[in-house]
Structure formats: C-alpha cells, structure tokens
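Just passing along the structure, written as structure tokens.
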C-alpha cells in the first residue's frame, strides 16, 4: 500500500523541493501543493520506473558529489588550457575501455555521467551487455592511468552507494 | 531594429516561398514552416516593436507592449502546428501510396475520342 | 558597510559572470578549433555547461544580493543541464561512432559482447548460457 | 562593474553562437551538426539568463528552463534519428 | 441576448467529440448521433432564419465583453441564410453518406463532418476578422480530413495539393489580417468598417493592400482565377459526399468577399474605391472560361463536374463583383442554386460510380442497371449546373446577366457567360451520351478494365434511400425555380442589408446595454 | 381581351403534368399508354377551342402570374391569332403524332419514355407560342432544345441518333444563348420584358443604338432553330430520330419556332433596312440551297428534311420582305407546309416501316403495292410542288406575287430569278419523291416486302392529306379565319385575305409555270445531273461540324491541361506572383502618411542573432536537399525567432514557439524516417532562377509592408485589454487573459483545430494501414548499419528522473499561465515532451502499454470541458465563455484565485496533450507496421539481470 502510494520516496521528496523552487515562495499552500504533486506524479509515472533502486550510504553520496564537483572545476581549467593553447597536433586523443563492476543501471548511468562531466573524458558507449564502458580521452599519454583513476575515484564510491 | 525585423521577415518569406516552389513534399513542408515563422513575426510586429515591456501587469511598469497581436500569434502558432502535423502525415501517406514524394501530379488517364 | 556589501556582491557576481563567460568561450572556441569530432565533443559538453552554470550562479547571486529576492530557478536549470549534458554527449558520441567509426578501429570490450552501437544486446538464450 | 562583466559575458556567449553556427554549417558529420545545435541552445540559455540580469527580471527563467528541456529532447531525437531512424520505436 | 445564436457552433462542436471519442467503436450510434445533430442543427438554423427574416441584426457578445474588444457573433439575414443552407446541405449529404456506406470506409467520418459544419456555420456567424481566420482553419482542417477520407493514392496526392494550397492561403490570410490590424488597430468587422472609412485616400496605401490581400485569400477559397487551380483536382478525387458538401466551401469564400468587401471595404469607403470590383470581375470571367473549357475537355466525370462547379463559382463571383444591391441579390440566388446543383451532381456521380466498374473515365462501358434512372438524374443535374430551364440555374443566370447590364463591360460579360454556358452544355451532352447512350449499345461496348484503385464494391441495386438525397438536391433546384419570386425577394432584402451596413454597425458597436461588470475587483498586482 | 384567361396557363401546364402519365401508364400496356398520353393533348385542345372564337374575332386572351418580378420574368401568357394558329398546330399535330407513333414504334422501344419526351416538347412549344414575356419565352425556347434533344436521340443505340441530337442541341443551344442576350437588350430598350409592352415600343427599339445587336442576336436564335443557312446542316442529321419525331419537330413545330419568333417580333423588328436585307437574304439563300440539296438526296427523310429547310427559307424570306401581305402569306404557308410536310414525313415513315429502307434508289413501283400510302404521298407531294388545286399552290403563288413586287439588292430580277429557281427545284424534288418511290416498275429486291400498313398508321397522314385538299378547294372556309387572325397578330391590322386558286394572269403565274416546267425537265435530267452532283466537291456540313467540335474539345483539353497541369508548384508560383502584383497595384492606389516613429537601437547581440537567423535561413535553402540538415537548420531559425520574441517583450510567444517547434521537429523526423533522406536535383536551372526571382520579390514585398507600418503608430483596441485584464479577467498576464477570456472563442476554435488534426492523423493512419500503402510498409527494409542499441540504459535511467520533473514543470507552467507567461497550451506541450522523452527512452509501444489515459478521450474531454466551461455561463444567463473568478481562503492556506478561465485552460491542456500524443501514436503505428518490434523490457539490457541470473545459477548449484 505504502509502496503504491510512494513508489519512489526519494523522487517524491525531490519533486516537492523542486516545486518549492519553482514557485519560489514557501507558503503553506505551495507546500501542500508540492507534497500533493510529489505524491501524485510518482504514482502516475511509476509504471515507467518499475524497480526501486537501492540507495545506501547517504554520506558517501555527499562525499561523491563534492569529489565530482571539485574534479569538474579543476579539470575544466586543465582542459581549457588544452583547448585554448595546445596545438591540435599535440593533442593526443585516445579510447579507453573501462571494465565495469557496477551492474545497477542507475549506478552505471551516474558513473558514465560523471566521466562525461569531468573534463578530458567522454563516455561514448557501453558494451552490449553493459559490462564495460568505452571512454574517449581528449588528451592523455597514459590511458591505463585514466582507467584506474575512474575505477578508484568514482566506481568504488558508487559501488558503496548503490550496493 | 525595425529594419532588422523587416529584413528577417523578408528573408524568411523569400526562403519559404523558394522552398514551397520545390517539387518534393519535404522541402515544401520546410518552406511552409519558414513561411509560418515569417507570418508569426509579421503579425507580432503589427503591435509595433518594444523592448523589455512584456504585457504582464505589474506595479512599476509605465507602459506595455501591445498584447493583442501576441495573442493572435499564439493562436496562429497553434493552428499552424495542427496544420503542419496533418500536412506531414498526408505527405507521408501520399509517399507511401505513390512511391515518391513529388507534389506535382501527372495525370496518366487517357481519354476516348468522341463519337 | 552597506556599500561594501554591495561592492562585494557586485564583485562576486561579476567574477561569476566573467568565469562563466570564459568557460562559455572555451567551449565554443573548442568547437571551432579542434580537428576531430570526438575531440570537439569535449569542449561544449563541459566547458559550455560550466559556463552556463557560472552565469546561473551569477544570476542567483544577483537577485539574492542586489535585487533582494531569492530565486531557485537558476539552481533548477543548472541541475537540469548537468543531468542532461552527459546523456546528450553520449548520444552524440554514438551518433558519430555509428556513422563514421568502423567497429574495428575501436578497442575490444573485453567481454563476450561488442560495443552496444554495433552489437545486439544479450538475448534470452544468451542469458541462459 | 556588473555591467562590464555582463557585456563581457554577452560577448563570450555571443561569440559562442557564431562559433556554433559555423560548426553547424561546416559539419562535417551529422554528429558535429547535432553537437553544434545543442551547444547553440546552451549558449542561448546562457544569454537568456544574462538578459534576465540585464533587465533585472526573472520573467525569462521559465523560458530558459523550457528551452533546456526541449533542447535536450531535440538533441536526443536528432541523434536517435541518425542512429535508428525511428525516434520513438 | 439570444443564446441560440451560438448553437450552430456549439452544437456540432459538442456532438463531434462525443462521436469521435465516446462512440468511436459503434457506427450505428455514430450515425444516430450525427444525423440527430444535423437535424437539430437544421432546426436551429431554421429558427435563426425566421428570427433574422424581419431584418433585425442580432449580436452575441462572447464572454460578455463589449465590442470591439471581445469577439461577437452577428446574425443577420445573410448569415442566417447561409447557415440554413449549410445545415440543409449537411443533412442531405449525411443521409447520402450513411445510405451509401461512405461513412464506414474510413475512421472518424461523422466527427469530421460535424466539425466541418461547425467551422462553416461559425465562419458565417462571426463578426470578427481574426475569428473568421480561426473558423476558416477549422473548416479547412476538417476538410483536409474529409478529402482524404478512406485514403488511396489519387486522393492523397490531390489532398496534399489541397492542403499545401490552403496553407499558402492561410499564410496570406494572416499577412492580410496583420496589415489590417497594423493600419486600423482593430479586428471587429463593424469597427473595421468605421475605421476604414476614417482613413483618407492619401493615407490608404496599406489598408488597400490589406483589402486586396484579403480578397485574394477569399478568392482562394472561392476558387477564383488565378488561385482556382486547387479545385478540380481536389473535388474530383474527394469522396463524392465530401465533394458534395464542399459545394458550400467555395461559397464561404464568396460569402467572405460579400461580407468584408461590402461592410468594410465597400465601394463607399474612400480608401478602397472600386479596388474590389476592378479585379474581381476579370478574375470571375476567366474562371468561368476555364471552368467551361474544363468541362468541354474533360476525360473523366468527376473533373467534368468539378470544372462545372468552377465555372458556376465564376458566375457567382461575377455577380458579386458588381457590388450593387441587385447584383448581390442575383449572386445570392445563384449561390443557393449552385450549391444544390453542385452537390446534386457529386452525389449523382457517387451513385453512378457505385455501379460502373470502369470508374469515372468518360468512355464506353456496359450499361448499368437502372441506366434510365441514372441518366435522368444526370440530365437533371447537368441542366441544373449548365443553367438551362426548367431548373433554377437558368433563372439565376438570367438574374446575373440582368444585374450586370449596367457594367461597362456588359458585352464581354455576356459573351463569356453565354459562351461558357454553351461549352458547359455541350460538354455535359458529350459526357452524358458517352455514359448513358453509348453504354447501352452493345456494338460499341469495349472491354472492361477494372479500376486500379481499390474503390468501393459496386452496389447491385440503388435503393430508394441511396437515391433520395440526390433527388432531394435536384428537387431543391425545382423549388428554387417555382418559388423564385419569394426567394429572390428575400435575397433582395438580404442584399439590401449588406449595402446599408448602418444597422449592422449600430447593432454591434452602439447597442450594448450591459456588458461585463468591471467594478468587482481591484487593481493589478 | 376575351374570357377564359384562367384556361391559358392551365393549357400550357397540361402537357407537362401529362408528361408524368406515360411513365405511370406504360405498365398498363401500349394502347392504354398512348390513349392516356392523348388525354392532356385533347384537353388542351378543348381549352384552346374554348378560347378560339374570341381570338378569331380579333381578341386576345391574357393571363398574368408573378414569378420572378425582381428580374421582370413573369409567367404572363397571351393568346392571339398567331398563338392560336401555332397552338392549334402544335396540339393537333401532337395528337396525330401520338396516334401515329403508337403504331410506328416497335415493341422493343421504350414507349413510355417517348411519350414523356413528346409531351414535354409539346408543352415547351405551347409555352413559346403563348408567352407574353420574352424571358418566359426563353425558358420555353431552351426547353424545346432540351426535349428535342431527348427525342432526336431517342434511339440511343444509333450513332447517327446520338450525333444528330448533339448537333441539334449544340446549334440550337448556341442560338438560344445568343437570343438570351438579344432579348435582354430588347427588354432593356423597352423597359420591360413583357411582350405586350415591347410590342408598343417599335419606334424606340428601332431608333436605339442597340437595335442592330439585339436584332442579330435574336435572329441568331431564330435562324438556328429554323435551320437557316448557314445553320441549316443540323436539321437533316436530326432525321435519325424516329419518323414521328421528324414529322412533329421538323415539319410542324420546332423548326417553325424560329419562324414564329420572327413573326412574333415582326411588328417591332421588321420594316428596317437591316431586317429586310438580313432576313430576306438568308431566307432566299436557304430556300435555294435547301431545295438544291433536296433534289440530290436519296434518303427519303433527308430529301424531306432539305425540302423543309428550303420551305423554312421561303417563310423566312417572306417575313423578311417586311410587307404586311408577305407576312400574311407566310402565315398561310406555315399552315400549308404543316399539312403536306407532316403527311409526307409520315408517308416516308410508312415506306421505311414497310420496306425497311428509305433509299430512294432501292425503291420504286410502290403505288401498286401500297396504294393508300401512295395516294396520300402523291397528294401531299403535289401540294409541296405547288400544283393546283392543292393548298401549296396557293401560298406559293402568293409568295411569287409578293416577290415580283420586291426591290432587292438593286432590282426586281435577282429575287424573281432566285425565287423561281427555288420553286422550280421544289417541283423537281417533289416529283422525284413520288416518281422514284411510288411509280415506275415494281421491283423484287425490296429489303422487305411492302404493303399498306394498319389503318391506325394511315389515319394521321390521311387526315392531313384531306386537309391539303380541303384547304386547296375551300380556303376561305378552312384557312381564312385563322390566317386572318394570325395575320392581324403579326401585322397589327386586319389583313382582309382573299384566298383563291385563280388570281388571273399575273407574273406569279408565269413564274409558276416556269417552275413546274423546269422542275419536270430537271427530273428528266436527274440521272446525269446526279452524276455531276456526286462528282462535284462540296463542303460537307457534318464533317466541318465534327471537325469543329473535335477542335473545340481538343482546344479545351489543351487549355485545361496546360492551365491545370497538376503542378502545384506552378499554381503556387502563379498565386505568389499574382499576390505581389495585385498587392502592389492596390498599394499604388493610395498614399502613405509620414512616419511617426524612429528606429529602435540595435545592440550588437541582436546583430548576432540576426546573422544567425539569416544565415540559417539561407542555409536551409541552399542545403535543403539534405533533409536532415535542413531540419536542423530550421531548428536554428526557430530558436532565433524565439530569441527575437524574448527580446521584443513576448515571452509567451517564445515559450510557445519553442515548444511547438520541438514537437513539429519530432513529427517531421518521424515522417522523414520513411521519406527519402535526400531531395533529388530535378528542376532545370531556369526554374530555379524563376523561383528565386519570385521568392525575392515576395520577400521584398513582405519586408516593405512590415517596414511601412513599423514606422507608423496607431491607436489599437488593446488599451482596453490592458486596462481590464485584471479587473475583468482576473489575470496579470494580459496575453493569457486575451487567450482564455477576451478572445477565448478563438482559443476554443484553435483547440478544435488541434483535435481535428489528431483525428485526421489517426484516420489517415488507419486508412494507410488498410490500403496499398500497407504493402509498402510490410516490405519495408531498414538500413543494415543501424545502431544496435534501441533503448540505451543511460537514457532510460535519466528519463526516470527527468520525466517526473518535466511533468512538474508542466503543472507549474499551467498554473502560472494566467499571471505570468505560460498556460494550458504550453503546459500541454511540456507534458507531451516529457512523455516523448519517455517514448524515446523505452519505445512508444512499451510506454503506450503503460499509459493511464486514452488519447482519443483526452482530446474529447478537452474539447468538451472547454465547451462546457463556456456553456456554463448560460446558467448564469451570461453569453458563452463568460468567465468568472474569485479569491478564496481556506485555512491554513493563504488566499488563492479560482477562475473558470483555468477550467477552460484545462480543456486546452487536455486537447493539446491528447492531440500531440495521438499524432505520435499514429506515426509510430506506421513504424510498427513496417516491422519494428515491441520491446518487453524498458531498456535493451539491464546488467543487474546478469547479476540476478548469476546468483540464481549459484543458487541452483
């Protein structure tokens, strides 16, 4: 019953918060409406999200978010340098294959997203069985290092979060 | 600004007409899309141009833009959407039935002489 | 004090604007400059997104500190962009691979199955194995 | 000060628009064009936000939000068209 | 305020969704609702006709907003007449569609039909120029659906052309309306009339452009040279009952010109002058000629009829083009006639095609069952559209010729109209003798080629219900002939109202007792 | 004025009512049918008889019924002497023909049809001769053309019948149309279309500058109908009709309609130089040529037909002479011609009926085989030849007498010679008719052995032959009264006719003798003359007519197929050019006030946007062959247009434009999936240049138009909307309040457009799947290099989060629309796009299986909700769509607004959502039909399943 009313509790909370952000005014009416929508919309969209992903270790999630944010900012500057000042001929792009231990689609998605958002790498495609990830590096002379970096810095943490 | 809007309109119209005069359905559809942009801007412009004065009532605004053409354009946009949808599917249907997407029809019938 | 605050906020807003602008510029410049499609994909998906992020934060700060109104819309937009950018990049990369990269130019997956663009997903029978 | 910073940002993203237009026209691959369009939309969103600051009004944010959303959907649709032909098979 | 005025719009607009969405799996229910809707519409239209017959002008202020700020509906003699015509035509065509089974050869026929009626009635009623555009679009998009009803290559190809042409027309419509708003600042027809008359001729360039563009737009709908090209292909390939209903579609264009170019851009508006008639008359003449040549040269029956309709449209517009009360009277009488005549022929064609395995190619084919019946229907229809006695076309044509006696180009006009009639008559005679006379002679019967298209299976015997609608249409022509006196008197009164728009303008703009109460709420925040 | 005026319209109506009878009676048998067909004729004759005495006394019966007073077309009837003569002929002959046809027609002929046509024709003829309104006369005139068409083509299995009928209708129809113009002019001069009024305006008419055109046009009508040269050629071809028809139409009635008309109009039109020369010349030429051709015709009916042409020429000439006496002679000869010619036609019919041939060269010697027929024929033919003491002699003598006193084209001799020649030829062919048919040796090679027909068939010609003799012997008894009455009607004065056989030794007697003698010589020389005739090349009217008709058809076809060649691109080019030219012409007719506004400044960024817009637009054109590229480029255009809207204070427009564009692009991509991906290069360079020129002209025109008004201010009605949006509509966003309130009716219409679009797409999809297109779809092959991931994992996961958020945004945009940019329409599109995202992620079919709402009913509900919201105002006695709103407070919430406009907007929302989804559904159905499979899982492969599978395997172990 409760599961039918709250198929994705986290989503419900998110939606309520998003609603309040949208209306930009925290009033009792808006809150009530936000909660209502937070309940109704997940119920309506539940058929499209049949399973409920397991999310553990909220602290780890926060840590992960900070790590990623930091990486984004730092690496962006590096990439900006490459883009602006390196001669095209000096840019050594490479494909990197990252074998995955993650199996949860949500986790894989977050990992792939993280890889893309952190500069220098773009996740291009998964293998057909979702067991490895093809990453494109803008400039590297050490593809294995990149792969190991990804596995230790992100995948390890994600394995904890989506256990 | 007025000159820019007028020129844009002219450009959109010219491009639209040129494409509408092509022989295949798809460019014709594109042409009509461009024409519909042109016409939306045209009708919108009949309220004359204003910058930064949206027609949303608020206490500190001293002037507003003319809201009526905007409402008309909104209606026109919606209608032209419905029309485009129908046009797209009819051209698809004609293509599927005829095997090509030519817009011009060649009459294959042959008549019979008088008697 | 008030004036200092204003100056500080203006400074802060300006910094974010300029940083955002620079990243935006980098993204677009990369799009022009880089020679390979996959390389070009790097620049805008990240730099431009970050650039917009800068502008959004500037805007949030501006309305918060100078206009005095709290606005979370910027946060929402940022969230949305960061959520969609990887998906977009992924799709564009695949589009490029499908059309312009033969499978044999890519490294092996190291698994039974090839890359998703070129190989069908495991079927029921595959799973039975 | 903000004004100058704004003008600088306007200039950056404005240049971005032109750059993306160039890429869109030059290609050479479909992926490049889609990428260019996607980047153009993001640049546009940035400009919209800057314009909101310039005007001191929050009225353009919904537009930005909506454009972010439809921009994403369009990009995916264009990609899917190249990838699969049918975008909603 | 009389709420019945909006009934011709709201009634089909409510019936249609019910048919489309609630009853979409039950054809019997659909038919019942659709026919009932049409009967009710006819009843309402009759009531409105009676209401307006005394010359009173009734205004319906939508949303209770005062004119010219809200949208108004205006019921006068002209709108009432055309709504009645539409509803009667619609009802008869519906009966034919049901009896012939056309409504089952594709989806959503009845819903589209109701929407089509709604759009047409709405266009006749509206007192707002932009709303006229909206209703045009409704009737057009419904007509797109109906033209391609049941699909098929030829139908889709010509349907595509029809849609493209009309989209181009709609684009121009918006440009014209934009120009009009840009020069007058209003959209209400009565208000436009006032505003246009305030514009001195030395400032009139743009408003003249607007008037001209609008006329071209309406000419597209009315199928007037040089924008008539869409008509033959569309009508010839549309399902016959749809083509029959479309008999009223060209009239919508004629109506719009009659309405806008008298009340707003009338000859008495200094800004406009004789602009309208200067261009309309030659266009109408060429249209007549093209239609007549088309009839004469036709290889197929459906195009033959379509070209005859084109020619008759030209005649109608010719009468309109003189812009005198008498010519408008002639035009209105001819309008009634040509609507029923065209519809009768298309319905007839459907009967014939149901029985002819060789399609509508004008060539010898074996005699059909009930050849005599079909031949007489064809003969009557041909007489009707060609303007021969004893049917109303002859009277209509005489009225038109008589009304145009005063023009400077009487000679040209008469020559074109009369020569056009001759070509039409001879063309129909050719077709008829091929279809019915030669077909009975065994010695000439060629081999039968089955139609390539998957057309409807031939009906073995036409039952009374299938034939009745065609006969009723023809009977209408007879009634128009017999009651030509009273009918033309009513047309005279109707035309009089058009050329003295003071009542119209007064009713819309001045006579506004109590509109929306605006004192209830405070200021904006 | 005499009594009995009520009878007159009834008399005209009788045949028309009677026309229904045969159809009903035919089941009762042929005799009953014929009998009852005769009833209306007899009744009409009785009516005529009742009115006759008064008319013979010089009176006129009139009846007036209003019909179409606006036009001056009224059912006014008038029976005077001329009318009486003709009415008597029409009805009397009608009766005889009814009788004759009963026996003539075979059992295979549809007799009911015949009698119906006959009565229709009779009524029309009767109408002509008693009309007192020329427009009414025209009505009947055209009716005779139509009904005679049916009669001539009665034997539709005969090609000659069909051709003859068409030729007759074409020629007489054309004349009739000319006559319409003539009559309209005539009425215009006289100020009335009433004949009695027109007849009083002789001076005015003849003095009018329009007299000549009117005369020519009316004469065209008369000449075509009466087969005058050069329109004479149709009459012989009409002989393909059954003989009763020929006897009725082509001797007695229809061809005389033209003569009647000339007689009718004689008082106002005759007496001028123009009349004299046109009419008498045409008559004379016709008379001679007709007689000459008749002499060499071998077909009995053709011979008679040309003799009729000749006699009609004679009548025309007489009327053309303009003297009162000549007119009276014409009237007399009309009567005489009727009697002998009808009898001859019937006799020819009998011969044909009995011998199965009408070829004079295969006949001869019939006098002994069918003596009664021969007697009748001989009497009638002698009368035709003008042999005393028969009636034909008298009128011929009188004609020659008139001719002898006529000064024509510079003297008396030309006309005397020509008239005598005509009479001479007349004698020759009359003698030949009887001589070569009935006399000479009996042959043994008749196609069918002849004998006299049944009495029924002989009655009618016999009766006529008796009349021929009686009128000849006692003209003052049998002919004078009616000829006097008719003569009075034509000439307007008492003619005092003295009809007698012997006029003494006059020039006419000499001419007559020459004619008879010459005729006999000609017949004697017939064989050599015939050889000469046959070897002489001469214009064949039928060949020329057919060639003309073929040319007209081919010409028409050429014009039609050149104009309507099926090329919409040309239609549109013409449309555009015409619009530009006409628009420019309109513009030239008025002036422009001085500009009242300055230009707004252009910041550099706007310049950038402008560059993007123009470049993208131009590139769309130059790259349009690659359809995908063009589509991307139009997206740029859309984006820039939206940018312009944002900049120019129209955020609502920007929102709407951008969301509509997205959905449109989706639809186009869906369609492009099936369509060719490239547009071939097929139009020649010239066409590109032409189109380019047209396009640039159109662009310049639209730009100038916009620029012209952008510089000029104007007062608009929208001040009211700004002022009352909040007070009266309860909303701050004026655009939205206009949409849902001020002009909610437009919006109501607009959602209906969308709903119809949804329906149409659905219906079309169904039609395609049921038609030949389905085969094409079934055989669809997809490119083999398609990407193999249909539903990639990342997209599915991202959508699961984004779709609910997007839906939330949709709700937000819906709710705020009344006060800020947004509203039901954009919200509907946003939700659609959110759903579309889902569809792209996991596929349409998969998502469709999980949907909660039927899209069809969503459209339905949308339209109904909007409609009911509008109709709800009726409950409050307000007009449709009158809005209401209020501010409410429920603890613990703050004040909120409820407005009916929101409910209306909900209708908009539902319709938009339903329509868009239904469109997508329709297109995706096509794709599935083309072989796309439906996935079971939301994503291609869920790696966590591998884990589950692994653990299960572990468990199993």
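The first chain written gets the first letter, and so on, giving A, B, C, D, E and F; residue counts start at 1 in each chain.
Here is the rule we go by: a contact is a pair of C-beta atoms (placed from the backbone, for glycine too) under 8 Å apart; a residue touches a chain by one contact, two chains touch by 3 or more.
As the structure is a computational prediction, the values presented were derived from the model and not from experiment.
Counted as hops between touching chains, the shortest connection from subunit A to subunit B is 2.
Interface comparison, A-C versus E-F: the higher count of C-beta contacts falls to E-F.
Compared with subunit E, the chain whose C-alpha mean position is the greatest distance off is A. Farthest chain from subunit D (centres taken as the mean of C-alpha atoms): F. Separating the CA-averaged centres of subunit D and subunit E is a span of 48 Å. Distance between chain centres (mean CA atoms), subunit B to subunit F: 36 Å. Put simply, the C-alpha centre of subunit B and that of subunit D have 23 angstrom between them.
Rounded to whole angstrom units, the spacing between the C-alpha centres of subunit C and subunit D is 12. For subunit E, residues that reach two or more other chains under the stated contact definition are 130, 134, 137, 141, 144-145, 148, 151-153, 161, 164, 168, 175, 179, 181-182, 187, 233, 299, 430, 438, 444, 524-525. Annotation for subunit C: residues touching 2 or more other chains are 22, 29, 41, 49, 71, 73, 76, 80, 83-84, 86-87, 90-91, 93-94, 98, 116-117, 119-122. Contact of a single residue of subunit B with at least two other chains is seen at positions 20, 25, 28, 38, 42, 45-46, 52, 54, 56-58, 68, 72, 75, 79, 82-83, 86, 90-91, 93, 97, 103, 105, 111, 114-115. Pairs of chains meeting the touch criterion: A-C, A-F, B-D, B-E, B-F, C-D, C-F, D-F, E-F. Residue ranges of subunit A in contact with subunit C, taken from their complex: 18, 20-22, 24, 72-73, 76, 79-80, 83-84, 88, 91, 93, 95-97, 99, 112-120, 122-129, 131-132, 134, 136, 138.
Within the complex formed with subunit F, the subunit C residues making contact are 80, 83-84, 86-87, 90-91, 94, 98, 116-122, 127.
By the touch criterion given at the top, residues 22-23, 26, 29-30, 33-36, 38-39, 41-43, 45-47, 49-50, 70-73, 75-76, 82-83, 85-87, 89-90, 93-94, 97, 106-117, 119-122 of subunit C touch subunit A in their complex.
Contacts from subunit F toward subunit D in the complex involve residues 604-605, 608-609, 611-612, 615-616, 619, 628-629, 631-633, 635-636, 639, 642-643, 646-647, 651, 654-655, 658-659, 661-662, 665-666, 669-670, 672-673, 782-783, 786-787, 789-790, 795, 802, 806, 809, 813, 816, 820-822, 826, 830, 833-834, 836-837, 839-840, 843-844, 920, 924, 927-928, 932. Residues of subunit B that touch subunit F in their complex: 1-30, 33-34, 37-38, 40-42, 44-58, 64-68, 70-75, 77-79, 81-86, 88-93, 95-97, 99-101, 103-107, 111, 114-115.
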